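Both complexes below contain chain A, partnered by chain B and then by chain C.
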Partner chain A sequence: MQFVTENLQILFTGLGLGSIYALVALGFVLIIRATNVVNFAQGDFAMLGGYAMVLFFTGLGWPYWIAFIGALLAMAVFGVLFNYGVYYPLRHRSFLPVLISTLGASIFLQNTVLYVAGPQPKPLDKLLNFDGITLGGVFLDSQYIVILVATVALVFFTFLFFEKTLLGKKLQATSQDKDMARLLGIPVALMIAITFIYSAVLGGIAGVLVGPILFVSIGMGSIIALKAFAATIIGGFGDVKGAIVGGLLLGVIESLAAQHISVPYKDAYAFLALFLFLLFRPQGIFGEKVSEKA
Partner chain B sequence: MRRLAGIAAAALAAAWTVCAHAEDTVKIGLVNEATGPNAEAGVYTHNGAKLALAEINAAGGVLGKKLELKLEDNQSTNPGTVLAFSKLFGEGGIVAIIGPIRSTQIQAASPTVAKAGIPTMIGGTDPSLTKVNNRWVFRARPNDSYSSRVIADFGVNTLKKQKWAIIHSTDAFGSGGMNALTAALKSFGVTPVLVQGYTNNSQDFTPVVLAIKKSGADVIGSYMTNSPDVGIFAKQLRQLGVAAEWVGSPSVVTDTAMKLAGPALHGVYGIADFTPDATPESKAYTKLYRDTYKLDPDVYSSWAYDALRVLALAINTARSTDPEAIRKAIVSIKGWKGVEGTYNFDENGDGLRGYNVVKNEAGKVAFIKHIDFKD
Partner chain C sequence: MQNRISLPALIVLAIIAIALPLIPYQLQVSTYVVQMFMQAVTYAIAVLGMVVVLGYTGQINLAQAAFFGLGAYGVALGTVSGGINFWISLALGVGAATVAGLALGLTTLRLGGHYLAMITISFQQIFDLILVNWVEVTHGPDGIAGIGRPSILGLELADDKAYLLLCTIVLYALVFAVWYLPSTRLGRAMRSVRENELAAEVVGVHTLRTKVIAFALSALLGAIGGALYAGGFAYISPDNFNFARSIEFLTATLLGGAQSPFGGVIGTVLIVQLPEWLKHLPESLRFIKDVYLAVYGLGVILIMVFLYEGIWGLIKNLRAKLVKTQVTTDVSGVRPLVLDVQGAGNGPLLRLENLQKHFGGLKAVDGIDIDVQRGTVHALIGPNGSGKTTSLNVVSGIYRPTGGKVVLDGEDVSMLKPHQRAGRGVGRTFQNIRLFASLSALENVMVGAQRDNNPIPKGDKALRDRAMSALQFVGMADRAHVIVRNLPYGHQRLVEIARVLAGHPKLLLLDEPAAGLNQTEKMEFVELLKRLRGHGLTIFLIDHDMGLVEKVSDRITVLNFGRKIAEGAPAEVLRNPDVIAAYLGTAGETNAAA
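Showing the complex of A and B:
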């Protein structure tokens, strides 16, 4: 019985962490699809979201939901700035200059926040005002529950948005073939800007959600982003389903392996999984044409 | 073009030397974590050193000259530390250095320091650091062979606990502490029921907490490096219903860790080389730090404050900036009251031999007792 509760406990936190990887991975994937570029500042979107929430909620004392919406609006504005500052001027270049540009943006963002907010990590309140519930010997942290629910909701929303709305379909068309989309009268630059906005907001939500658990710090995004990037490869490079499944899988694999094999090698399992996938199924779980993009 | 650049560089270097001579200060390097994951601690360290600098210069400086602090960022990394040391040594004119507080970084830079032969104050507490054939490192904090003895002594003799779980980071500091604590417990006839390592910046401690639960430990001894790790671990420990006592290395009672963890760290014992209300010296320093920075000082600042004052004292005693003379002056410092305790340097360069035991009482650090060793 103890064995079962222990593993359920591990599974729960693994899924919670996995959801965060999945959310950030989703942001990765949307931008990969729209621009063919890996956005190395994706983790810093989460960091910025976390700091925006700390500023509005803890600093200015706004009510939680107002602060939350404020943080998301701030992230949307930031998405616009990021698009026009980091991506747009290089849009006609190959993917490498854009990639380096996002890397530079990541370093710039981290050091700017360090300068403005100071180096001390900040605590953030949980969304629900109880710590968690114990169910059959398994402790369910209320914030992890929020994270799981929010991830499911966001995935569902993303699916509906892309499959059921005209705007979503235009975005898809842009990501599949820019020239064709342009011929059909779709404003490609605007579509890409919208993708950056959406991806920045997603990253911001991830930051606000994970803040109460990992605390809001300059480096919080880089740790998550590395795992999220591994998740996008495991799931299938540029595949939305893959990002979700890859993220969850990674969270569960590393938690279970940490429990049953050895804790200090926890991070190694995630990357061992990545390594095995690259060896035996380089296209990932749902991917098809990795060779074309590699 | 290249030659021109060469000439320009030479001219610039000459100009620099002239400038330096014109100012005529005694330069002390500070290799500090100004950026990177430990930048929060770096601010405290810099603050502490600046307070000492102002105080020393207000009292007339050293050898009749003003003391100058040359800050070099190590980016919180080992390669960054080696680079920062090399840069300071390469610039020349550096009389002594205040090195990092992280054992692993000092380990990385130790050969560079030994080669340069410049007195270097360190804050890393891995016992081996002053015993690796490096005559030039001097420790302004007690080392972990004492911290572990204090943790073991307090847990076994004061709290009367026998079932120990040791939780440690797998870096140089954490592993060194784990080995020392295991040895110290052995001297009390106690074998830990669990020894569990984790890597820094873990996002989840559930497996660690479950292992503690399973082991039935009634006291936890910890060597954790980073404050956010302490925060996450403390929250999960209490959430999963482990009520064991906890006696930790200084990181559990840092300002940052206590702010992050909140009630999860209440009632936890920590050992601290710096405690605001332990001695008249530490009380005065706390007031000074609060008045200047509007924040409470912690160990990251106090050790640097002491380190710079030890160096100034040694240079003044030696009446010289010659490295050998400074070294001789440092190891002959006995009974000097710093804010961390009373310094009695030995030949290895270790200055302090005891710790304060403190308790987190509802978010405030309360002084419990001071445990000192003679050997």
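Showing the complex of A and C:
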């Protein structure tokens, strides 16, 4: 019995962490679909969101929800800046310059924040004012509950937004065929800008959610991003459903392995899982076989 | 024009090359400056690896610091923990890095660039974790001190300056090797992969092998740099080999110019020097010193946007503007092209048996049988979406058939990769020309000539002669040294055909070869086709221009909705009522596009 509760406990923690990977992975996939490029600064969106929250809530003392909305607005503005500063000038080039450019942006952001905010990780309050609840011997931390609920809500919202609204349809059209979308009068550049905004806000929310658990730190983004990217490959490259399943799966694998194998290598398990997938199922769980277009 | 250095440039290079290492000897410099030289020299070797993989082959590597670290830890563990000779330790470290590079490359490179970026970062992170956590072996965060140095001919290189000289000599030798690489068979293959991977594969380059070799070479160079670094500083710790260092190598490569070893060296010197220069900034700008990594990041974006070819590219372009180099080539002494066809048996050269290619529910090619007879021109026509290009892609190996067989000269090649088919004499051109844009016409055609089993003598000279003959055949020999990007469209088509012809094709596949040509060019093209046919070449082509098809073809097959609807001599097929109906459209036709 103790074995079961112990593992249920780990499963719960794993799903919570996995939700964060899933949210960031979702941001990855949206940008991959819109621009064909992996945004290596995706994790830093989470980092920036976390720091914005620290600034508004802890620093300026705004009420939690006002600070939260402020942080999301800041991320939306940042998404616009990122689009025009990092992606837009290179939009006609092959994927490699764009990829390198986003990598440059990631280094720039981390070190700028490091200079401004200092190397000390910042604590962030939980959303709810209680520690959590105990259910059948399993302790459910309130912040993990918040993360799970928020992830489900965001995934659902994203689905509705892309499938049921005109703007969502236009975004989808843009990601499938830019030339055709342009011919139909869809402002492609604007659609891509909106994708970056959406993705930045998603990342920001992930950062605010995970801040109370991992602390808000300079490096939080890159480690989350690497795992989120691993999640997109495991789930199926560029597949929305895959990003979410992959993220959750990775969170669980990681927590279980850390518990049962060894803690110092916690961050390595995700990559190990990734290597195994690349060897035996490179197209991921939901992906179609990888092949090049003629 | 990749590998020609003019005499003045050579002299300038030689002076700099000799003068630089003398600085620590002539001037009474501090140990600090000597160490800075050591750092620059060993980093530069690792950056040469980046030049090979990123600059030449167009593949990203974000784990160069890990390979650098494998070399360094090889030497450190070998000389300190193992008590082994320096050179043997170096060989072990470099060997380990090369094997790691091969393994990473083999698992990832067939999947494309994003995966490679991700996997190399993961590898870098895991390497870092192991260095820090596997304390029993790596000594963890404390690092390893007292690393040995080699002796040469009984001469101990205990003196920093003497050791630095050794490293400098190694660097020069490697710069030379990396500079020479692009004009070799392997180097051309690498650059063709960078420029257009699909075209490279189809003309016969084993693209996966080329990428894996490039990646392993990069790891090898990284490890050599790291091994020398460990000897130079006598102490290493995990901090020297983390992700930030990989980014430093990347930045140095991009800043200097990824496509040249000289660029790589310039970039390294600047990156190593940058923190030094920042120290001398006026008080008000001193904060930049604390954010120099942020400056790197910003620098990377700015280089990508404004200075894609780096500083070396800038120098090269300036020089090109100042010195007008001659781009016409002397064509006297070019031998006529031999196109003898070496078929194995009789019977059709190409036979498609019940060939099918489905994409999900779409039956693009739905069971066609075609025999292409030796020495004939066979045209495949049909309305848009009838499955012509798909059929051609299945024949050249870009797609595997869903069902049925592709038989070439009696051999079933259905499951072979494009480069293997090219190695058996299948050559093709593309509807939207796919040349290696930044290579010269000659180099483009040489890539075509270097396919497996091309019946020409061994060696670069033979490849060059063969390529010149092919260019002569299409009337482009005098433009051999022009970068193809700068050629007009019609000429690019001709270079693409020359690239195929240089490979001695048994079967020539032409995908809408006359598309985009004006009337005069079309006439010339018809003449070219007739000449090729006169040489006994077998040609299988797709085109929309009925006039052209009628003029050049011996036989025509008509496709509609992925099925064969007519076949025969041009005159009879083009008057076939079904064919006319298919082209002019009848009921149901609106669904045909796809």
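Rule of thumb we're sticking to: the second predicted complex is superposed on the first by the 288 of 294 C-alpha atoms of A that agree within 3 Å, B and C clash if a C-alpha of one lies under 4 Å from a C-alpha of the other, contacts with A are read in each partner's own complex, and residues count from 1 in each chain.
Methods note: a contact is a pair of C-beta atoms (placed from the backbone, for glycine too) under 8 Å apart; a residue touches a chain by one contact, two chains touch by 3 or more.
Here the structure is a predicted model, which means the values were calculated and not measured.
*Asks:* For the combined arrangement obtained by superposing on chain A, do chain B and chain C clash, or do they fit?
*Replies:* By the criteria stated at the top, chain C and chain B clash after superposition.
*Asks:* Taking the superposition on A as described, I'd like to know which of chain B and chain C A:P264 touches: first, second, both or neither.
*Replies:* In the superposition, A:P264 contacts both chain B and chain C.
*Asks:* In the superposed arrangement, which partner chain does A:P119 touch: chain B (first), chain C (second), both, or neither?
*Replies:* first
*Asks:* Let me test your reading of the model: by the given contact rule, A:L90 touches which partner, first (chain B), second (chain C), both or neither?
*Replies:* In the superposed model, A:L90 contacts chain C only, not chain B.
*Asks:* Would you sort A:L99 into first (chain B), second (chain C), both or neither based on which partner it touches?
*Replies:* In the superposition, A:L99 contacts chain C only.
*Asks:* First (chain B), second (chain C), both or neither: which does A:G132 touch?
*Replies:* So A:G132 only meets chain B here.
*Asks:* Just checking: does A:P187 make contact with chain B only, chain C only, both, or neither of them? Give me first, second, both or neither.
*Replies:* neither
*Asks:* Just checking: does A:A230 make contact with chain B only, chain C only, both, or neither of them? Give me first, second, both or neither.
*Replies:* Second partner only, chain C.
*Asks:* Per the overlay, which chain contacts more chain A residues, chain B or chain C?
*Replies:* Larger number of chain A residues touched: C.
*Asks:* Quick one: classify A:V38 as touching chain B (first), chain C (second), both or neither.
*Replies:* Second partner only.
*Asks:* Of the two partner chains, chain B (first) and chain C (second), which one does A:I107 touch, if any: first, second, both, or neither?
*Replies:* Touch partner of A:I107: chain C, not chain B.
*Asks:* If the shared chain A is used to align the two complexes, which stretch of chain C, 165-173, 201-209 or 237-245, clashes with chain B?
*Replies:* 237-245
*Asks:* Under the contact rule defined above, give the chain A residues that sit at the interface with chain B and also at the interface with chain C.
*Replies:* Common interface on chain A, chain B vs chain C: 111, 114, 264, 267.
*Asks:* Mind listing the chain B positions that touch chain A in their complex?
*Replies:* 35-37, 39-40, 42-43, 170, 196-199, 201-204, 206-208, 210-211, 214, 227-228, 231-232, 239-241, 256, 259-260, 262
*Asks:* Within their complex, state which residues of chain A touch chain C.
*Replies:* Its residues touching chain C are 32, 38, 40, 85-86, 89-90, 93, 95-101, 103-112, 114-115, 222, 226, 229-230, 233, 237, 264-265, 267-268, 271, 274-275, 278-279, 282, 290, 292, 294.
*Asks:* Can you list the chain A residues touching chain B in their complex?
*Replies:* 2, 6, 9-10, 13-14, 17, 111, 114, 118-121, 123, 131-132, 134, 139, 141, 213-215, 217-219, 223-224, 255, 258-259, 263-264, 266-267
*Asks:* For a test of understanding, state which residues of chain C touch chain A in their complex under the given definition.
*Replies:* My answer: residues 58, 60, 62, 107-108, 110-115, 117-119, 121-123, 125-126, 129, 133, 197-198, 243, 247, 250, 254, 287, 290-291, 293-294, 296-301, 304-305, 308, 389, 393, 398-399.
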